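Some structures to go through are shown next.
Next, two complexes with chain A in common: one pairs it with chain B, the other with chain C.
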Partner chain A sequence: MKNLKLKSARARLDMSQEQLAEAVGVTRQTIGMIEAGKFNPSLQLCIALCKVLGKTLNDIFWEEES
Partner chain B sequence: MRKNNLDEMQEKKLLSIEHNGMWLAFWGLVAAIMIQTCLGADFKQLAGEWVILMVLSIYTLIACIKNGIWDRRLKPNLKTNTLMSLLAGLAVFVIFGIEFHLNNQHGLVLPTAAFIGISTFLLCLAALQFTSYLYKKRKELLEQACDK
Partner chain C sequence: MKDERIEQAKNKIRSEIAVIIYVGIAISFAVKTLLFKMNLRECMTEYLILIFFPVYEVIRMNMMKVSIYSVYPKYRHKQLKTFIVFVILFFVVAAVSVFSSTKGSTVNLSQGSIVFLFIFIVLFIGVFFMATKYHQSRAYKYEKEFDDDNGPEE
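This part shows the complex of A and B:
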């Protein structure tokens, strides 16, 4: 499942995938894969992403039941 | 030690590539040994492959038991161990049957191949029962360590 919350939080800060990747110490490919829902990041990386984006884990990674 | 150039996603991908490479090497060696045995090669001719296969197998076995891991799908019980040993015994019976047949040892093909097959079955069953016992003991120890 695509992670649109991550994509929109990044876009709101006007950050490119490259910039976000550099900020958390991974490759741009990894950010692309997380946003595309093709890679499940570790909790450590989730926390790093949330800190850079100024969001909580719930904001970015919690899926509401539909 | 040098810094790792890979991030966690690339590390996971590399582990998956290495995993596939390891199993390719494992089954490649098994196939090479089986084919050479069928063609009548003696032990000297396949000693290299055999040593590599044994090192690979013993390393995997020790590492798995040390970490309390048995298998993804198979359970370490008598029924599964017997079934797996039967398959190994049957494979050895067929391979040696072919080898003896190709080497024109017609008179003793079936009884000799059957004896080797049955011996393989018994040895595999004993080895599997013993290693599953070691696995269960190790798993228990690891669980106790987690509780502390």
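This part shows the complex of A and C:
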């Protein structure tokens, strides 16, 4: 499932995938794959992403039940 | 921070390579003993690798507090089945080996290759069985160690 929350949080800060990747110490492709829902990041990476984006884990990674 | 996706992929590929090499060594050992009738001394490298692979696995799993064996009876039944299949497979291979090397002769039974093959089978099953038992006992220990309901183990 695509992670559109991550994409929108990144876009809100006007960051490219490359910049976010550099900030958390991974490759651009990894960020792309997380956004596309093709890779499940570790909790450590999730926290690093949230810190850079100024969001909580709930804001970025929690999915509401439909 | 290293890119965990790349690290995971690398580790996965390397573990697959290790398994491929292990299977290759097992095939090499079987071909040398069954087809070329080589004795144990001539395939010592393969023999040692086949024996020490599970031993190394046990040591590393113990160090990392990991157990592949389940403490739940439902899954243990499945593990026992796998072990029995392994043992049967070994005996079939051994029987075929004995049959093919003694065909048309009554004196070939004492051939070195067959004796060494049996030594190998007995040792392999022994090590495999001990490793399995050890893993199972560790699985119980790890299960209790981080169980909040039973409290920390001494």
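A few comments on the model shown:
Methods note: the second predicted complex is superposed on the first by the 66 of 66 C-alpha atoms of A that agree within 3 Å, B and C clash if a C-alpha of one lies under 4 Å from a C-alpha of the other, contacts with A are read in each partner's own complex, and residues count from 1 in each chain.
As a working rule, contacts are C-beta pairs under 8 Å (C-beta built on N, C-alpha and C of every residue); 3 or more make two chains touch, one makes a residue touch a chain.
Just so it is clear, the structure is predicted and the values come from calculations on it, not from any experiment.
Residue contacts after overlaying the shared chain place A:15 against neither chain B nor chain C. In the superposition on chain A, A:48 makes contact with chain C only, while chain B stays out of contact range.
Once chain A of one complex is fitted onto chain A of the other, the partner contacts of A:27 extend to both chain B and chain C.
Contacts of A:39 after superposition on the shared chain: both chain B and chain C are touched. Comparing the two complexes, residues 25-27, 29-30, 33, 39, 41-42, 45 of chain A contact chain B in one case and chain C in the other. Considering their complex, residues 24-27, 29-30, 33, 39, 41-42, 44-45, 48 of chain A touch chain C.
The part of chain C that touches chain A in the complex is made up of residues 1-6. Residues 7-10, 12 of chain B are the ones touching chain A in the complex. Chain A meets chain B in the complex at residues 25-27, 29-30, 33, 39, 41-42, 45.
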